[in-house]
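Labels A, B, C, D and E are assigned to the chains in the order they are written; within every chain, residues are numbered from 1.
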Amino acid sequence: MLQEVKPRVLVSLRGVGKTFAPGGEALAGVDLEVRAGEFVSLLGPSGCGKSTVLRLVAGLETASAGTISRGFDDVGAAVGFVFQEPTLMPWANVFDNVYLPLRLRGQTRAGAKTPVREALALVGLSGSAEAFPRELSGGMRMRVSIARALVLRPLLLLMDEPFAALDEMTRSRLNDDLLRLQAELGATVVFVTHSVFESVYLSSRIAVMGANPGRIIAEIEPAGGVERDERFRLSAAYARCCEKVSAALRGSGAGEASI
Amino acid sequence: MTPGERLSHWARLYGPPLLAFSAALAAWEAIVRINAIPPYVLPAPSLVAATLASDRAILLPALMTTLWTTIEALALAVIGGAGLAILFAQWKWVERSFLPFAIVLQVTPIIAIAPLLLIYLDASSAVLVCAFLVAFFPILSNTALGLASADKNLVDLFALYRASRWQTLTLLRLPAALPYFLGGLRIGGGLALIGAIAAELAAGASGKSAGLAFRIVEAGYRLNIPRMFAALTLVSLAGVAIFAALSALSAFIVGRGRGSGAQ
Amino acid sequence: LDKVTFATNWLAEAEHGGFYQAKADGTYKKYGLDVAILQGGPNANNKLLLATGKIDFNLGANLIQAFDAVKENVPIVAVAAMFQKDPFILMSHPGAGLDRLEDLPGATAFIGKDAFVSVFQWLKTAYGFKEENVKPYTFNSAPFIADAHAIQQGYATSEPFEIERQGGFRPNVFLIADHGYDSYSTTIETTQALIERNPGLVQRFVDASIIGWRNYIHGDNSGANALIKRDNPDIGDAQLAYSREKMKEFGIVDSGDSLTLGIGAMRDERVKSFFEKMTQAGLFKPDLDYRRAYTLQFVNKGVGLDLGRP
Amino acid sequence: MTPGERLSHWARLYGPPLLAFSAALAAWEAIVRINAIPPYVLPAPSLVAATLASDRAILLPALMTTLWTTIEALALAVIGGAGLAILFAQWKWVERSFLPFAIVLQVTPIIAIAPLLLIYLDASSAVLVCAFLVAFFPILSNTALGLASADKNLVDLFALYRASRWQTLTLLRLPAALPYFLGGLRIGGGLALIGAIAAELAAGASGKSAGLAFRIVEAGYRLNIPRMFAALTLVSLAGVAIFAALSALSAFIVGRGRGSGAQ
Amino acid sequence: MLQEVKPRVLVSLRGVGKTFAPGGEALAGVDLEVRAGEFVSLLGPSGCGKSTVLRLVAGLETASAGTISRGFDDVGAAVGFVFQEPTLMPWANVFDNVYLPLRLRGQTRAGAKTPVREALALVGLSGSAEAFPRELSGGMRMRVSIARALVLRPLLLLMDEPFAALDEMTRSRLNDDLLRLQAELGATVVFVTHSVFESVYLSSRIAVMGANPGRIIAEIEPAGGVERDERFRLSAAYARCCEKVSAALRGSGAGEASI
């Protein structure tokens, strides 16, 4: 008797709400389950609470309502987080910024050289290891932040619009690198983006969020088990899925204001 | 830079203060001469300079004593102030329990009970304690401000990566606090000096091992006002030198870490 | 009435009693003077106020400062010496092997900065006291009380009283004036300019003060004490009584020359002798024209002798 | 919050310092009693408290005098320190010309020549000047640090919109400097108090209008050490009160502008 | 005799180079002319110097080589600048942040109410006027920054990736609003973006930049005189132009690094 064995749940949000100031609900009734190995994208209008969900998952924020259970701390899984802003240490150069997570785990500088160099090469910053954050362009800073999240080869990756400040070519190359890495490591990714195409290309599941209050209004699973490559981008399934996500987004109340 | 450019650069940098200073000195000299103010009311700068030269055998050892106290007090203040700030940042309950003591220590004018200190300590230790107490609080306060100023998002990042308290301190809070600490250090340097002088006034030794404060008071008793001003000039020069040295140290430290502080 | 200001060297106390007496009993008024008494304090330097003409008369603690004024060309002149003996004392704990002046040089000595630069310099040459043993005295006797092997400076009229009350023992007292330190004390100082401009005023102030002192020591001084307590509320009657007692006992105000020349007496020989001692102690160069520091123009006239002595 | 929660909140907040303080007092009392330390060496806290109560008629007016000096000195220090920092930030040449004077003023121990000051000023003005000089530099220094800390990109923005010097100052540099200034103010508050005490020691009036420093010295002179400690306790309490008031003011100001300082 | 009258040159860069640190050239030999009324987009790989060009145009940076002449200061034209980062005053609320440019021109708060409200409505933040920057999401902060740049109704608009942090619907709505505003005001826009589609949709001219050193490698003019609307997005001219720009970008050295 063959039974589908579902991977274990890494994070589960049940009826989660978040209120920052009395009166204003940022999130309400958010249900989300992330299983090991999944690539979940969060998509939604600006200000709907995507970053907040990510921070709740990471435990950087406490929920005002509902329950959150995490299954990653007890397995000692490495977590990587790319914040929406680069969040670099201004007094440390690029190498030291990327070295940080390894350093916090007791890795020596010499031992960290190879992983840091690899991470920097991945984001195309091999030549800037000695530069300080204020000497970098906006996109370069964000790439340092990505390298820092990847240097641990984490099993859970939380990424908040990591590629928004990057040109399309770098972005699509990093998309492929990210998928490759995920496959290599069997990592789980929760990913925030504004690009429908990117989300469909990358995700095993897309959670479309709506605003006022922030909540999940649709979950869409792009064709599973299909190799992500140029061919997929040109496939009808891809186009259909993009259309479906866009339609869901249109219902979310994005872009509704006007002069 | 060509030598000519370098010259004009220096002139622009140091011209105004030198000019202002010379002008102030000239005005002082002129006022004294024109009004024929007797030296025991206000000695002319030329007389002060002459006294400085002629009394150097008395004044320089006293300067050394005072400077040494100042440096010791500042060193203690750095250790005590920064150390306490770090402890406070690490454990809130330590801060809540000991901040009141730190404030009490700072505002209690130990100088006023310096005589009692002499029961337990010798004169130079009593002076050191007083000078230390004047200098340590700005360093504590500014360092604490700096430690709390660390970027909230970076604090989150460190929390996420399960950084130990110690790691968060050394890798995040201390670098973030550096410019604040250096600001406190510059304040503390001057305060250690005037603290040392005030403490010497209250409890300082007399005679051969005496500091500049004693020389100033002695000159006052002996109505030797030019020497009083000469000693005072030495104190001021020492203070300016301490400030300049600490500023240079700040520039060096911040320069080495580049971008430290502001992004 | 001529308005004049007289500055003392410390908070109001019995050691200023004569001046308060003359004010309280109307002697100054009788001499055509309206005197304001300006208290000194731990750090006041009233001599400079006198030099700059802010006040008219000043209380000089001893002759050393008068010599200093000559040295620094500050035109101040001592015109009368209310104390024939400087009340400066050294004290030691009884029974600690410090019962003779000769025993004291080896002990830790609490000496104030002003005494250090004056009397103590002479004590070094005269009795072999050592600077290494000196600890600062800041008008607080607690460190001395706490250390049985220490000695401390003081005023015969003042410190022993509180030490006996608080410390619970009667200290050995050495009046240095009886051991060769022959400075006059509590001099009246004024400026050369005032002497030249209005010698009559100076004379009146000196005479009235002399009478005030005679009455403070020998007469009913309750009016003066009331004024002193108004200026310095912390001083007690017991302290005031003790001070007068000691001034009498040691002949601070009235002994030696003053018995014949009247209170305030000064003599050239004594000033000369003192100046030579200070020269030996290294405080002054022998060629200093110390005679400019004082004048006998206003004293030795037997003022107050006619009032007799009870 | 329920009353119970509020109570436990307060207990958590104020429990540790109260406990620490009580423990320190108890230890002090015990040491004095067990070793039978005479009151002129170290009075027990109970005796100090009793003296405080019995001598209040003498001590409270003195406290008022000293507090008043402190407040005046602090006000002058705020005006002088912050004002100078603003001038310095506006014109580099002003800073280059006058910063040395500011340093000289700070490090020159005016306290040491307080007797001379009395030639020109009355006692209370002399004390005020001394206390001011001790307190103004931390405010100047911290405010200058704050004014220079304004976000570089915002400075660019203001330049782009052709903001006048004055606008850049009031709308950008001053708000950015606020937390630094408040830090300097907290340091300056304590310093104004010990500056006032030290200055009173050196130049203060005696008698009726005397401040606490005089009471301390006088009590010491009379070997009334319990009163000395009572006066000292008053100074400490005043210092803690000043610090608490300034901290509350800081919290209020920063709270009103929310997010001020860190983003 | 009819002659085409070219609009006057607002900004002209001739052989401009920029060196931040000795040895590293950020820009070299940049020639760019912007005429009144143009909509010029800068496109190029991350770190190629787009932001630097914008800052040079605004006069916030001085060129290390070449000459820059500006024609907008003398006409007193209002300039609006959207920096790559939101650059808001943390101590001021949204209203005051947007009010700033008006305030600097002496406008009273009462008089500024209408324009500030309009600008906030344009970016969909009418409800957040009282909020402080730290209470906003990343995209909302950027929108405040856009509102601040627009509130003056400037004649020269410099925008550094203004829409990168916004969802696609808000983004496309703002694209149209921006074009409408430009037409209304006759404004000139220099615009940095990573989106080929966006640049083609918006621009009258696209300058494609290459890296190492930063320089302009191609100037492309999307079909002129055509109404920008949904039809244009679906037109063959649009697709052709996008392809042309992408091809130019591929030659720029973007996305070349890899693990």
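The working rule: a residue touches a chain if its C-beta (ideal position, glycine included) is under 8 Å from a C-beta of that chain, and two chains touch if they have at least 3 such contacts.
Everything quoted here is computed from the prediction, not taken from an experiment.
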{"item": "Minimal step count in the chain contact network, chain B to chain E", "value": "2"}
{"item": "Those chains which touch chain D and also touch chain C", "value": "B"}
{"item": "Distance between chain centroids, defined by C-alpha means - chain D, chain E (Å)", "value": "51"}
{"item": "Interchain centroid distance [CA atoms averaged], chain B/chain D, Å", "value": "17"}
{"item": "Intercentroid distance (Cα basis), chain E paired with chain A, Å", "value": "28"}
{"item": "Numbers and ranges of chain C residues touching at least 2 other chains", "value": "45, 48, 52, 138-140, 142, 146"}
{"item": "Shared interface positions of chain B, touching two or more other chains", "value": "41, 115-116, 119, 151, 202, 217, 220, 225, 261-263"}
{"item": "Chain A residues counted as touching two or more neighbouring chains", "value": "85"}
{"item": "Touch relationships between chains, expressed as pairs", "value": "A-B, A-E, B-C, B-D, C-D, D-E"}
{"item": "Contacting residues of chain C [partner chain B, same complex]", "value": "45, 47-48, 51-52, 65, 68-69, 71-74, 111, 113-114, 116-118, 131, 134-136, 138-140, 142-143, 146-147"}
{"item": "Of chain B, residues touching chain A in the complex", "value": "151, 153-154, 156-164, 167, 171-172, 175-176, 178, 257-263"}
{"item": "Residues of chain E defined as touching chain D within the complex", "value": "55, 58-60, 79, 81, 83, 85, 87, 89-92, 100-101, 103-105, 132-135"}
{"item": "Footprint of chain D on chain B - complex, ascending", "value": "13-14, 16-17, 19-21, 24, 41, 93, 96-101, 103-104, 106-109, 111-113, 115-116, 119, 134, 137-138, 141-142, 145, 149, 151-152, 179-180, 183, 186-187, 190-191, 193-194, 197-198, 201-202, 213, 216-217, 220, 225, 228, 232, 235-236, 238-240, 242-243, 261-263"}
{"item": "Contacting residues of chain C [partner chain D, same complex]", "value": "11, 39, 41-45, 48-49, 52, 54, 138-142, 145-146, 162-163, 165-167, 231-234"}
